[in-house]
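Letters A, B, C and D mark the chains as written, and numbering starts fresh at 1 in each.
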Amino acid sequence: MSNPAIRTVALAAAGVLFLGGCGAGSSTQASPDAPKTHMTLTLGSGVEPQSLDPAQSREAQFVQYFQPVFDTLIRRDAAGKVQPMLATKWQTSDDQKTLTFTLRDDVTFTDGTKLTAEAVKGNLDRFKAAGGPLAGALAAVSSVAVVDAKTVQLVLSKPDPALLYALGGPGGYIQSPANFDSPTVKTQPVGSGPYELDRSATTPGSQYSFTKNPNYWDKSLQKFDNIVIKPMKDENARLNALRSGQIDGMIATPKTVQAAKGAGVDVQTVPGDWQGLTLFDRAGQLTPELGKVEVRQAINYAIDKDALLKSVGQGMGTVTSQIFSPASEAYVKELDNAYGYDVDKAKSLLKTAGLDNGFTLKMPTSSDMDPALAPAIRDQLAKVGIKVEWVDVPAAQYQAEQQSGKYSAAFTAFGQPVVAWSAISGSVTEVAPWNIFKSSTDQSKTLLSSILASSSGDAAAKKSQDMNKYLVDNAWFDPWYRIDQPYYTSKNVSVQVQSGQPVPSIYNYQPAK
Amino acid sequence: MVVYISRRLGAGVVLVICASLIVFALMLADSDHIARNLLGDQATPAMVEAKQAALGLNDPVIVQYFRWLVGAAQGNLGNSWFNAESVSYLLLSRVPVTLSIAFGTVLISTVVSVAVGITAALYRGWTDRALQLISITGLVFPGFWLALVLVAKFSIEWQLVPATGYIPIAQSFTGWFQSLTLPVLSLTIGAVAGLSQQVRSATIATLEKDFVRTLRSRGLSEGSVLFKHVLRNAAPPTLTVVSLNFIALMSGAVMIERVFALPGLGSIAVDATGVGDIPIVLGAVMISVIIVVTVNLLIDLFNGWLNPKVRLT
Amino acid sequence: MSAPLLEIKDLVTEFPMKGWRRPPFRALHSVNLDVKPGETVGLVGESGSGKTTIGRAVLGLAPVTSGSINFDGQDISRFGSRERRSLSKDIQVVFQDPYTSLNPAMTIEDILAEPLIVQGLDKRAASDRIARLLDRVQLPSDAAGRLPREFSGGQRQRVAIARALALEPRLIVCDEPVSALDLSTQARVLDLFLEIQEATGVAYLFISHDLAVVRHISHRIAVLYHGEVLEFGDAEAVSENPQSPYTQRLLLASPVADPVRQRQRRQARLAAL
Amino acid sequence: MSTVADIRAIANLTKAAIRQSLFSRILGSPVAFVSLGSLLILIAAIIAAPLLTPFDPNSGDIGQALLGPGADHWLGTDSSGRDVFARILYGGRNTLGGAALALAVASILGVTTGLIAGYHGGKVDTGLDWYTNLVIAVPHIMVLLAVRAAWGSNIWLIMTVFGVLMAPGYHRLVKGIVSGVRNELYVDAARVSGLSLPRILGRHILIAIRAPIIIFAALSAVVVIGVQAGLDFLGLGDATVPTWGTMLNEAMVNLYIAPGLMLWPGLALGVVNAALILFGNGLRDALEDSKSTKRPSRRRGISANAPKAGTSGSAAVPAAGGSDGDTRAGAGTAVVGVPGCGFIPDEAVLSVENLNVGYPSGDGHKLVVKGVSFGVRRGEILGLVGESGSGKTQTAWACLGLLPTGGQIVDGSITMSGRDIGSVSARERRGILGKKIAYVPQEPMSNLDPTFKIGYQLVEPLRRQLGLSKAEAQAKALAMLARVGIANPERTFDSYPHQISGGMAQRVLIAGAVACDPAVLIADEPTTALDVTVQAEVLDLLRELQHETGMAVILVTHNFGVVADLCDRVAVMQLGKIVEQDAVEALFSNPHHPYTRMLLSSGLEDKKPRTRLLPAATPVLEETKP
């Protein structure tokens, strides 16, 4: 039910590592209070979209630019659970290969076009074909069929546990079919959402302005007259804007939490990324030493995770050794402590691997990593005899460099989706974009297919936990900790954090009482 | 005059071509990451390949460059790769911001520097030393550091002016003025430091000129001698410095833009260069070169008007 | 009579003008002159007359558009820089301005040693020679270690003369060498020029705007006006009995230091208008 | 950006720069000395880093992060537990080393091209000019980022490229100076001496550009360091290399947790910047001071400013004038005038009594005019004659109240219609100047403001002093131009100074001086810069004007011919004193003072050509450096 895209999209686009996705949710649905009239919600964002065409959209921080304009097929509530939106209900076939959606019949796009099954099919087909950043989210969908005017059927090539969650995000944005071939499709979005983009009050690089859709079908989702989103790359600039009353909400890093609290800003956190090293070259193609499991385990033992969390994460987070969110079905509590800080153990493991003299590990670094990380990792690994060679790359190219295949390991920060499969399909399967060296063993293959083959949720959960154990035992990764992602709001608004997303969805904001 | 101006503008066109070619060649020296940056982390190698081909990155450099040049000659700078908008729209929306900052800074720093520089030149002694000390202090503190302090006081503590952002003048003059106050102030302090020294030197040099004594011997008021005659003679070197300051602000104000979240040319240029948004980069180079050429031409014409001896024909 | 040491024939000098397609400025129109060994030829004229240009052309510092400059029977007007350098033994210069003709950053010794070392003298020989040169121009020998700014205008001009003498040239081009000096200093420097000529037999091409100075030091005088030689002849003849009306005017225009005679001259001049 | 700024100002100093040895200049300026000293100490500390700190700048214990200053870590630790002091020292290697590299590249490149362009001029210059314009026009930060994207973030590479981008500044500076120095006579003299081109460039031209380049380098170092820190601050530098900029970047990240981290790299940058700026300014000021000792103007020497006490260049100092002896009031009484040398006539329009003019010097005043007294009657022309350094021009300026900066009337009075105009307020003086007492300067061209039309320069004082309307003032100015013998007054009225000849310019200045019918005209060497034929005409004009208006004229000159032509009375000055004063015929026919006699005998009139002018025993007055 979750989407792998939550992971480092924020990282990649914003170039800021701590703004990744998140997992488990908070409790109640925002209840609509008597809305204050004529209120504008102004948000500071760390990113700016490349295009307002849903087919080119991304997850995480980007959703705030799209949600005002586009309704999704289904809606993720604050806890990350799927709820009806444009689809009032949906049904999954027993073989998990067919999904049937029933659509609302009272929805019109802001250009007057009516929402039909045809329009939904058009959007889904277009999303797959456009080759946008998240085109892979609908990879399992082999065809979309219009059953009748208000029923649409998705046929899958294989089961995809993450598909529903994806349809609550970019994969499920539905725009007016009349706009598909418009020359302004990237700049003047037309959807059926609660707000419309006011192009005249919008300046790329400066602000995106949205006004209330007067004919919207669910007034309870329109808590503001206007929404303004201002891209502000610099966290200090955002904080200054928030403190001086220019914006009402912003994403932040743990480093400013104390200051924000001191300034009377409302601070909330949502479980965020897991951070650590991803050891890409598990077969030792580039760095033969990494092919040995003892070496990967030694790396896990060599890092003083508590010290890192305390210093870099300001203690806001939980030390772990697994990549799965506590909210996901693959989570195994004991695995959080699988690798404690143990230099001697690490040394003896390296000795076992025949590496008394250690080896050199080349990894990319960029200025947008916390400046304390690179030296700390180098020093800690140096203690067990592993020499880290940091290659400085421009922040804007960091993600491209990580995925370039030039490095056998890298520092990564991944969101922790509620659906275990999202994480698995992002980093573990052979075609996963973050399985850079296509790592695969007989055991991993077996485990993967057994997850998909499981008929029940419980069985799948069991297999996912087995997968988790396998990954931890074989040290495919070196996770250090899960961070608590802070989000700040002014006294003018109240907001509920969104599980699985570093920033709250637009629906979660409301004027303060 | 017309011949002169058109020759200068012609040279400007050649300058645009050379400058853009240099930057283009640099950008393409390592263009592998561009498609990947565009597609994000979920892209497969095949998608990256396809994107690269679609952007024309697989063509020879010279072909790519000519494609751009032909478009540019027809007034079409193409669309940004990383943003759906057209390059001209994106850049032109930022020109007012940058020009507002640059003009504001240049104007205020010039007025202040002239006052400070002339005072220092006239009184010398301890006044001179005090003013020099103040202006040196301006050079010692980095602009962004000053900016942070100013925001903390003026925006957060006293809530006098907005902490961030830009408000177009068409929307609200007061808003525009307020949104520029702090950025201009933090840039001005550094600019005054250098410029006032220049005004001081030029004024001292002019005050030593023989004609100043002769003008005084005619009973002219000190104000008239200073502000009409000395200033006009001291102006050309000062103007050259002002124009260099202005040019530097075109892309050099990026730190200040970042601190105040201002959508200026500097930050779009820096961001575009970082990710490899070549159409924007080339457009930004073109705009800056055009601005530089125009500013230099205007300064030379103005210098010619000030000093008929160097007047050009 | 002996053959001329320097012979200028039909010398034309043009300077390119700034600006597009502007015709060059012709500073000298077909100038003819000659200087015999040991002789002083005075060039007199007002600003813009081309007198300095002639001197610079002889020194190779101004272009020769056409015509020839023969030194010792050899046309030097088109010498390359190497041949020109070899001429430094024969032709030297004393400039007008003693403040800018000496490099302010070099000591007197360095300044005087420069031409000597170029000619291959070793340091020791050079320093002996410098002591003799300083003595020759009546400067104290402790002057060698000092900088030009420590000296007055007259003393600096003596240094410049010493530099010109260093290579024992046969011709010295003197470009307004006394016009920046005070009256009493001028007299002493003129005395020095004469004394040196008597002792060494060097020839002077002596350029000045002041007819009285030229008259005093020259054997023959050439009067220049707008790039042309108006009159060239024996010093006495030119200054006592000028043929050209311009020379006459020049002569009358210069005031004499005697109120009574000056009144008469003024009246004569005003009457002539 | 501020430093490109200083190119012109620095270039202006060149002439002064080469007149004093660089080293002594630096020593001579305490500011420059102290700042250079502190820079050198810092550099030494950076080089000796391993001796000063046991810590590795790149590694630390993250468990020991963000400690305050203490016994182990003197300046505390950073967010990964590295020793801040060690990082400051080792970071300084990269920051200052990078800056030095950029400066070296920029200066080597810029100086070379500047030398070539300045010395050769012509097409080479045009081509290099075009190239510099290109480099200036390209947005530097984009080039740096593109280079970084293309070839990686190696600080040395980036700084090399930045050096290339900065080279145009040096190019322009050097070219400007060299094209000036190229025309210096000493360069010509070197060519005539047979020096080869490389030798001339090396010996004569490099020396001239050395000091300005050092000043410029000091100031542009501030820019380099600023840009480098800025790039690091924006996260565009190499985060793995310790520099003060990356330290600032780290401090920014931890701004709210450990604001103290900002302090040390900020301080290091501040100290270096301040030292560089103060060093540059100090050296510049030192050069400016020496520059203000102007050399005498073209044909005749008048020391425009306080002559400095210098070393006498010869043993032959006459009893009359040891220049070192004159630094205090009352000293140096060796020059004694003959009786009547301080004569003040009755009914003098302007009378000067016991005038002493001095310039501040050490613990007192250096007097340049010592106890001068004279007076001038209506309709009279008084000649004030003397050699350079005699104080005649200082006396004239004192009468006008227009002494250069620092100069002041130490004692004595200047009386005009019963009022001491030496001590009136600036406002009152402006009422007198031009109207009661006017001035004709020596160099016609430099005494007209080149940026205003001649008409404007005449009309402006007329309107102010006579309260005329614009039209009236214009009519009067045109009439004055006609009166001084300008053939086409309208055309001259509409011309800029550079469009007219020197003789005409002097007529314009005379017209401006006499326009308000002054009672006294002070003419300072009014014909010295003119050709003899023009000189005669200008003297005629002055005579006529004086006859017409009956004004009193004080004529300052060194030329006895001019005195004989124009003056009624003459005062001879020597070393700040009047040594003799008499009616003109009497003085010429019967000079009393030996100095007057010596001066008169130095003239060339009535001397047999090609004979000695002075007996060998004449006191060598020229040997006294003014």
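Throughout what follows, a residue touches a chain if its C-beta (ideal position, glycine included) is under 8 Å from a C-beta of that chain, and two chains touch if they have at least 3 such contacts.
Just so you know, these numbers come straight off a predicted model, no measurement behind them.
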item	value
Chain pair showing more contacts of the two, A-D and A-B	A-B
Maximum centroid distance from chain A, chain identifier (CA atoms)	C
Length of the line joining the C-alpha centres of chain A and chain D, rounded to whole Å	67
Distance from the mean Cα position of chain B to that of chain A, given in whole angstrom	39
Intercentroid distance (Cα basis), chain D paired with chain B, Å	32
Between chain A and chain C, centroid-to-centroid distance (C-alpha), Å	89
Residues of chain A engaged with two or more neighbouring chains	236, 394-395, 397
Residues of chain D whose C-beta touches two or more other chains	145, 149, 236
Junction residues of chain C - those touching two or more other chains	none
All pairs of touching chains, each written as two labels joined by a dash	A-B, A-D, B-D, C-D
Residues of chain D touching chain A in the complex	58-63, 65-66, 78-82, 145, 148-149, 152-153, 232, 235-241, 246, 249-250, 252-257
Touching residues on chain D, where the partner in the complex is chain C	18-21, 184-186, 188-197, 199, 203-204, 207-208, 295-296, 298-301, 310-311, 313-315, 387-388, 502, 531-533, 535-536, 539-540, 558-565, 584-585, 588, 598-600, 602-605, 607, 609-614, 618, 620-626
Residues of chain A that touch chain B when the two form their complex	4-5, 7-9, 11-13, 44, 48, 50-53, 56, 58, 131-137, 186-187, 203-207, 230-234, 236-238, 240-241, 243-246, 263, 394-397, 399-401, 403-404, 426, 431, 433-434
Residue ranges of chain D in contact with chain B within the complex	1-6, 8-9, 12, 130, 133-134, 136-143, 145-147, 149-151, 222, 226, 229-230, 233-234, 236, 248, 262, 266, 269-270, 273-274, 277-278, 281, 284, 288, 292, 397, 400, 402, 404-405, 426, 430-435, 438-439, 441-443, 446-452, 457, 460-461, 464-465, 496, 498, 509, 512-513, 516
List of chain B residues in touch with chain A within their complex	32-33, 36-44, 47, 50-51, 82-85, 89-90, 93-94, 148, 151-152, 155-156, 159, 162-166, 168, 258-261, 263, 267-268, 271, 274-276
